[in-house]
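We call the chains A, B and C, going by the order they appear; numbering starts again at 1 in every chain.
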Amino acid sequence: MTVSRFCHPRLLALATTGCLAFGTAQAQISDDVVKIGVLSDMSSLYSDIGGKGSVIAAQMAVKDFGGKVAGKPIEIISADHLNKADVGSAIARQWIDQDKVDAIVDVPTSSVALAVQDVTKEKGKVFLMSGPASSDLTGKACSPTGVHWTYDTYALAHGTGGALVKQGGDTWFFLTADYAFGHALENDTSAVVKAAGGKVLGSVNVPLNNADFSSFLLQAQSSKAKVIGLANAGGDTVNSIKQASEFGIVTGGQRLAGLLVFISDVNSLGLQTAQGLVLTEAFYWDQNDETRAWAKRFIAETGKVPTMVQAGVYGAVIHYLKAIEAAKSDEGKTVVAKMREIPINDFMTKNGKLREDGRVVRDMYLFQVKAPGESKYQYDYYKQLATIPAEEAYRPLSESACPLVKKG
Amino acid sequence: MDSVSAAIVARSENRLLSGNRLAIVLVALALAAPFGLYPVFLMKALCFALFACAFNLLIGYVGLLSFGHAAFFGAAGYVAAHSAKVWGLPPELAILLGTAASALLGLVFGALAIRRQGIYFAMVTLALSQMLFFYALQAPFTHGEDGIQAVPRGTLLGVVDLNEPLAMYYFVLAIFLLGFFIIYRAIHSPFGQVMKAIRENEPRAISLGYKTDQYKLVAFVLSAALAGLAGGTKSIVFQLASLTDVTWQMSGEVVLMTLLGGLGTVLGPVVGAFIVIAMENYLAQYGSWVTIIQGVIFVLCVLTFRRGVVGEIQHLLRRRNGPPGLDGPAST
Amino acid sequence: MFELLGIPPQALFGQLLLGLINGAFYAMLSLGLAVIFGLLNIINFTHGAQYMMGAFCAWFLLNLLGVGYWPSLIIVPLIVGAFGILLERAFLRWMYKLDRLYGLLLTFGLALIIEGLFRQGYGSSGQPYAIPAQLTGGQNLGFMFLPNYRAWVIVASIIVCFGTWYLIERTKLGSYLRAATENAALVQAFGINVPRMVTLTYGFGVGLAALAGVMAAPIYQVSPLMGSNIIIVVFAVVVIGGMGSIMGAIISGFGLGIVEGLTKVFYPEASSTVIFVIMAIVLLIKPAGLFGRAN
């Protein structure tokens, strides 16, 4: 029956102190195990971006690290937050209160991530975010133990907006998902476009889950803008790209800029449809020997090409374990402080840095999706157009709304 | 878990069913529960139990299947969360305001929906709640996909700090019992009798001189308000209000809880809510299998188990102990 | 040049045409619902899932067996329709003597299972299905660029809709169906196998949903969630039209598609809710629906 978690909180507390008392003097690892919880969307909209792939990436990281940190075993557990903020925050609470989880990883969907951020902040546990997009997570909702690892809306908007204007795409029209996320993406991007000397000719607010984009694409087409910015996500993006190809938008000379597109989306669209799409990512598997080597292992495990979110989960877990090794402790704030000290270097990040607002800054890349004829082998999808240096890619600390920054 | 123990108690000592002793045992169990079970889980289950009871008031006693009850649950959550976070209202007022908002919404939806019956009623409520979903998605105060986050739990009546898990739990329990009592009274009042009459034979109720539409509307508003009470409380417990609670999937979930526990039984929705929430909690690592299992339960309930858990137990007890001929052969 | 609220008439005409294309899907889906409801008294909540299955089935045929779009138009409705018949025999037939609401709940449960299984197997980002080679490209109509495929969708769906209408309202088979709707016992007494007719009708309605799915596959991404998004709108269409007549379902489907299309031009933010608003208004004025019979 459901009475499987019959634990008295006070008994557990006693057990914990007991463990601490008997723990080795140099390594302060609570209850003698480092437990990492991968909380992701396993079944719904974002399951292809994070999902099971994120769990496998975390397991790969633990294996590569040798299975032990500071002499103690590492354990991975996982759960599905069903894209529901209340489910996510309940699991996070239960993991921390009952299962003694030390760090929570991934958590796509901003609403769930914001809720989990509240819980981890309150409990002082580490939160390694790879999946969520909202730049608020290191802005007004920042946390001393929250680490936003892979990307955020600001970086995507700035990367794509800024770099495209430099390449001559100086007039824009936006298809904007009509809710806070879409508007934020549009505003961020149009600010960059204008700052770079471009012009925004117009925009149209599209309701969520609207399957038919033809009407909006027609409006975008007749605006004669050089770039059509897709300020939407998930199924909406996929459908708008697919129908843009049907209506001959790209062949007609306009460019499509996806502001939140992942390689899994390109994979599911196919190159024929997605060709010419411009997008920003933190990682592409075919960038260099290191990324290729890692991706090969990932594909062998999952049969799917890794997204930047899954790659980020691997990198974040490795860095987290490195910091525990160095700090000889798994206490939240201590570990995150150590994570800030150590520069981030792995297969996808060179000289990355964790800032005090929780933002990891690293180079981002602008890619264009290849035409079917240019693709030589499986998953040969992108050609790199530009590198966006770390200092330009992310919101500068001087503009940050994070209270932790102002104090310091 | 108290609901399951309730079932066991009911099976072994069925005479308790008739008296108040069952109620006393259940309340005692509920009071002791947070020392054995995880309080956050219990609070969530209680909120959903109240939600399911409110829903059951319509389907079980008036025979109206609403497929849009998430609208009331979620809307109250948004109003309560907004008033607690932005306007700084204390939790009890925030929840009340949420409840009032849902009652008002229920009045509007109800006035439209009761113009049709049966299946149409279900589709109309579904469509109306979908409309509210889109409103919640686009309105600025709901913060779209992010939802209203970091809602303060505050201090109850300025005295009790609700950040204390036990205090929060007993507050939720009190709200649940209050809501449950209101529903119980409504069912067992003359008003409740008229509702049942409408369910059994509406034309006859009309011919007896009852203005059935008014009765239905009152029942609808009451149900909406109580669903709102549950939703508002939930947003204070979880300190957030999000789109999840206004989606049609949530409406489906509350139907499932009630169906599984037993349509038209007093305790059924409570049992159903505990089972469904426990499933969601403990099966979380199995991902989309949760949806599939929910679907299977739906199908099984409808095909073989229409009385639901509590309904079947009551039926068994009555057959074993009741005077012969009272219940007769199972007629469904 | 005269403009209507800032929209040039050519653009408006283009949008009307696009609305009509969306309306074609609403019409085909609400038609299937109406046919099933007419005889089985069941609101088929699985309809969205069956529409999705149609699209997936076409995708399977293409990618596993190399069967293209055109044969799929025939094969897929048969396969999914046969699946529907299985569902009817295994589950739905137990519902006929019960309150109609149980039928709704049962089909809702089935929809959850089907969508869950597809999600488990194929993730959520969906699969691509290319437009058939004969219909790629498009025509420049002067006022808009009309992809050939969309033009085909309008033509095909109008044929399917009016074919169904003819079958039910003008043929002998259809008259049996309509008679069985009114009084099944009497029709049975005339020596017609009503249960079999019910089964086949359900298969036919499901086949219509699957056909809509095949036609939608090249336009939308083939994804497990595609059905659940559209089914609620179709429910609203059905409430507006009323379940009284086949023609009602067809006209309200196309009509609401056009209304939605116009909303996308004048006030795009409301385009997802406009059908629900119309539904509320219709309920106030004519509770039985525009083409429904008050009971």
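Here, contacts are C-beta pairs under 8 Å (C-beta built on N, C-alpha and C of every residue); 3 or more make two chains touch, one makes a residue touch a chain.
Here the structure is a predicted model, which is why all the values come from computation and not from measurement.
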**OP:** Could you run down the chains that neighbour chain A and chain B together?
**Re:** C
**OP:** Specify the chain most distant from chain B by Cα centroid.
**Re:** A
Subject >> Separation of chain A from chain C, taking each centre as the mean of its C-alpha atoms, in whole Å >> reply: 38
Original post:
When the C-alpha atoms of chain B and chain C are each averaged to a single point, how far apart are the two points in Å?
Top reply: 33
**OP:** Quick one: which residues in chain C touch 2 or more of the other chains?
**Re:** 116, 119-120, 269, 272-273
Subject >> Residues of chain A engaged with two or more neighbouring chains >> reply: 43-44, 47, 51, 178, 207-208
**OP:** Could you list the positions in chain B whose residues touch two or more of the other chains?
**Re:** 134, 138, 287-289, 291
**OP:** Over in the complex, which chain A residues touch chain C? Could you list them?
**Re:** 43-48, 51, 178, 204-212, 214-216, 218-219, 221-222, 234-235, 238-239, 242-243, 246-248, 252, 264-265, 267-270, 272-273
Subject >> Complex contact set, residues of chain A against chain B >> reply: 1-8, 42-44, 47, 51-52, 77-87, 89-91, 93-94, 97-98, 109-111, 114-115, 118, 134, 136, 141, 178-181, 207-208
**OP:** Would you pull the chain C residues touching chain B in the complex into a rising list?
**Re:** 37, 43, 91, 94-95, 98, 100-102, 104-106, 108-117, 119-120, 232, 235-236, 238-239, 269, 272-273, 275-277, 279-280, 283-284, 287
**OP:** Would you mind writing out the residues of chain B in touch with chain A in their complex?
**Re:** 1, 4, 35-38, 40-41, 44, 134, 137-138, 140, 143-147, 149-150, 234, 238-240, 242-245, 274-275, 278-282, 284-291
**OP:** Show which residues of chain B lie in contact with chain C when the two form their complex.
**Re:** 59, 65, 67, 112-113, 115-116, 118-120, 122-124, 126-128, 130-131, 134-135, 138, 248, 252, 255, 259, 287-289, 291-292, 294-299, 301-303, 306, 332
